[in-house]
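Right, I'll just put the structure down here and ask away after.
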Amino acid sequence: MSSPTAPAAAGATGLLGAAAVLALGATVVLGLGLPPTEEQGTYARLIAIHPPLAWAAYLAFGVTGVASALWLWRRTRAPRFDRLAAASAEIGVVFCALTLVTGSIWGRPTWGVWWTWDARLTSTALLLALFLGYLALRRVGGPIDVRARRSAVAALIAVADVPLVHYSVEWWRTLHQDRSLRLPESDLDGAYTAVMLLGFVAMTLCYGWLLVQRCRAERLEEEGELAGLNAALAARRAEVPAAEPAPAPAASLP
Amino acid sequence: MWRDALLVAGKDLRIEARSRVASNQVAPFAVLVLVLFGLALDPDRGVLERASAGLFWVAVLFASVLAVQRSFTIETGDGARDGLRLSGLDPGGIFLGKTAAVVVQLLALEVLLAVGIVLLYGADLGRAAMVAASAAAATVGLAAAGTVYAGVAAGLRVRETLLPLLMLPVAAPVLLGATRAWEVAMGVSVDDGWRWVQLLAVFAAVYLALGVAAFGTLLEES
Amino acid sequence: MAPAVELRSAVALLGRFPALAGVDLRVETGEALLVQGPNGAGKTSVLRACAGLLAVVGGEACVLGHDLRRDRRAVRRRVGLVGHAGFLYDDLTVADNVRFAVRASGADVAGVGPALARLDLDGRLETVLVGRLSAGQRRRVSLAVLVARRPALWLLDEPHASLDGEGRDVVDDLVRGAVAEGATVVFASHESDRAVNLASRTVRMAGGRVVPDAAVEPVATAGREAVGVA
């Protein structure tokens, strides 16, 4: 079941990987080169990767949701969508965790606390919890199709929750003066914005490349299991001992 | 579908009436949670009174996990889950029926706990309309989301630990909304309480719809 | 007249294990078919597949005119399955259980009383919680559900198990009664003598397939298994 365009696909993936590394490298270098701001000092430079990481986490989540929906809808049901959903979730967890870590690092020197209960950070923390629940469910799921079904439903429920979480947390935090991780007021020549945009591109490329790799690994795993099933089918049929070759034709019973 | 829902709700409530799990185990547990909060947070400094809305809804949240869990445990005894599929009942109806039964149980529990926080924490539930509306919307939402997730986790050996992990993050908006609405009703905070009620209503509607749509597929695996 | 059950090369999986590995079976309406075979041959699986509980993933499967590969759900109301598990709620009484099952399948509730009487469950036993019953009594409750629902296809998995002599006579009566009313009965049983006399036809299963017999014979000589030519 390997793709007939395998060599071309491998080449494209390699290109994607190279682009991702380049973009990421550029972001880091340029980000470090940004001048510090008055209010947030050097830590404001985290803007280059923190929002992009968050974006990638939500993108991953969105992909999981769409893939799950495609799997659930009979007409488009295919194992690759289940694999896509799982792979995207695994990568999404990483991006989500990194978002929280960078957010924490950002907040600490500025306001002296590890966690600012910033609206978006809190929403992202809940997103991480949803991700972890989804992955925990997949780990205990059982046979492939059963697991795919449960996970797909769980993913859609979680996706439906995201806007609700967003609004509720947002409304909640606007009641209080929030210490928010926002773009610094004085943005010299839009330099910060530019590097942040580059960061968005870089993270998207990284996500894409990781996704392809993970999907490939999962497909190989499942092909292995399919081979095992065929072997089991053959063994089952061989259970009936061949006492003597029966001359009767193999017609179905009258 | 509605006829099937009524049938299933009736059956679930009848089982509850016979086995008394909700009244004998879940309710005492929830009241115990309230008492424990009282032990943990010193009652003399007014913290309890200000926090009573939040503590109430946390207790309800924990109780709802148990209630929803129980709703599905009764189906697994002696292969009854197969029986549910064999019966030919509409899955959407089964979902609504189970959710309705959980709602009834939770509402009864909430009345008990409301008395609890008035007695134990000195809370003042002034504006009855908002209290009732937000509680109703929140309960339906919790029951619906919980029933769907319990369906997702049903039959798995680790479901007791998995279900809270799945359900509680999803229930976060309900906790936020219900607590804020009650704080407004108790006069503890100034805010537009009704927009929170609207949020709770949207949550409930979304999860009722999701549950009806998804339950058929959930029930299907062998 | 269309057959009640028609399976052609049906394949069904339990996880990754092929419980049915290509079953060919045809049951005409009004037949009482006995399915025999060793443990693990797939008897229970074939009954569950016909009830629409076990998904058929290969071949063809048609029960009471419903294509099981396309929609398993629709057939369930018209089929009655009595298996090892009772499908009963322990916390409800006998009468409650039967009434619920009957209402759920859309059958007439008026049939509940006579069904309970037929299975000797009226009177004291009617209000006992199912959880307190013995295995044999639970089996009778499951049968009462079937009698009250009057499905077009009866699927019985070891119906004589855990019943005493009198109970087994009742089962035989029920099967004959069902057939007389035009229903079709498929049952799996280890009880060779009693079952074979009850059945109008017998098939054997082994290794997840139906083994074609040359003719209908009561009891196969021990150790002799014919091989189906693929």
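Going by the order they are written in, the chains are A, B and C; count residues from 1 in each one.
The criterion applied here is as follows: a residue touches a chain if its C-beta (ideal position, glycine included) is under 8 Å from a C-beta of that chain, and two chains touch if they have at least 3 such contacts.
These numbers were taken from a predicted model, which means no experiment stands behind them.
In this assembly, A is the chain whose CA centroid lies farthest from the centroid of subunit C. Ranked by how close its C-alpha mean sits to the mean of all protein C-alpha atoms, the top chain is B.
When chain pairs are compared by their number of contacting C-beta pairs, A-B comes first.
With centres taken as mean Cα positions, subunit C sits 47 Å from subunit A. Spacing of subunit B relative to subunit C, judged by their CA centroids, is 39 angstrom.
Mean C-alpha position of subunit A lies 30 Å from that of subunit B.
Shown for subunit B are the residues that touch two or more other chains, namely 220, 222. Counting partner chains per residue, subunit A has residues 142 touching two or more of them. Shared interface positions of subunit C, i.e. residues touching 2 or more other chains, are not present. On the subunit A side of its complex with subunit C, the touching residues are 142-143, 225, 228-229, 232-233, 236-246, 248-254. Interface residues of subunit C facing subunit A in the complex, by the touch rule stated above, are 8, 11, 13, 15-18, 21-22, 24-26, 203, 206-214, 224-230. Taken in their complex, subunit B has these residues touching subunit C: 4, 7, 11, 14-15, 18-19, 74, 77-80, 82-83, 85-89, 216, 220, 222.
Residues of subunit B touching subunit A in their complex: 145, 148-149, 151-153, 156-158, 162, 165-166, 168-170, 172-173, 176-177, 180, 189, 191, 195-196, 199, 202-203, 206-207, 210, 214, 217-218, 220-222.
Partner subunit B is touched in their complex by these residues of subunit C: 14, 48, 51-55, 72-73, 76-77, 79, 81, 83-92, 96, 100-101, 103-106, 129, 138.
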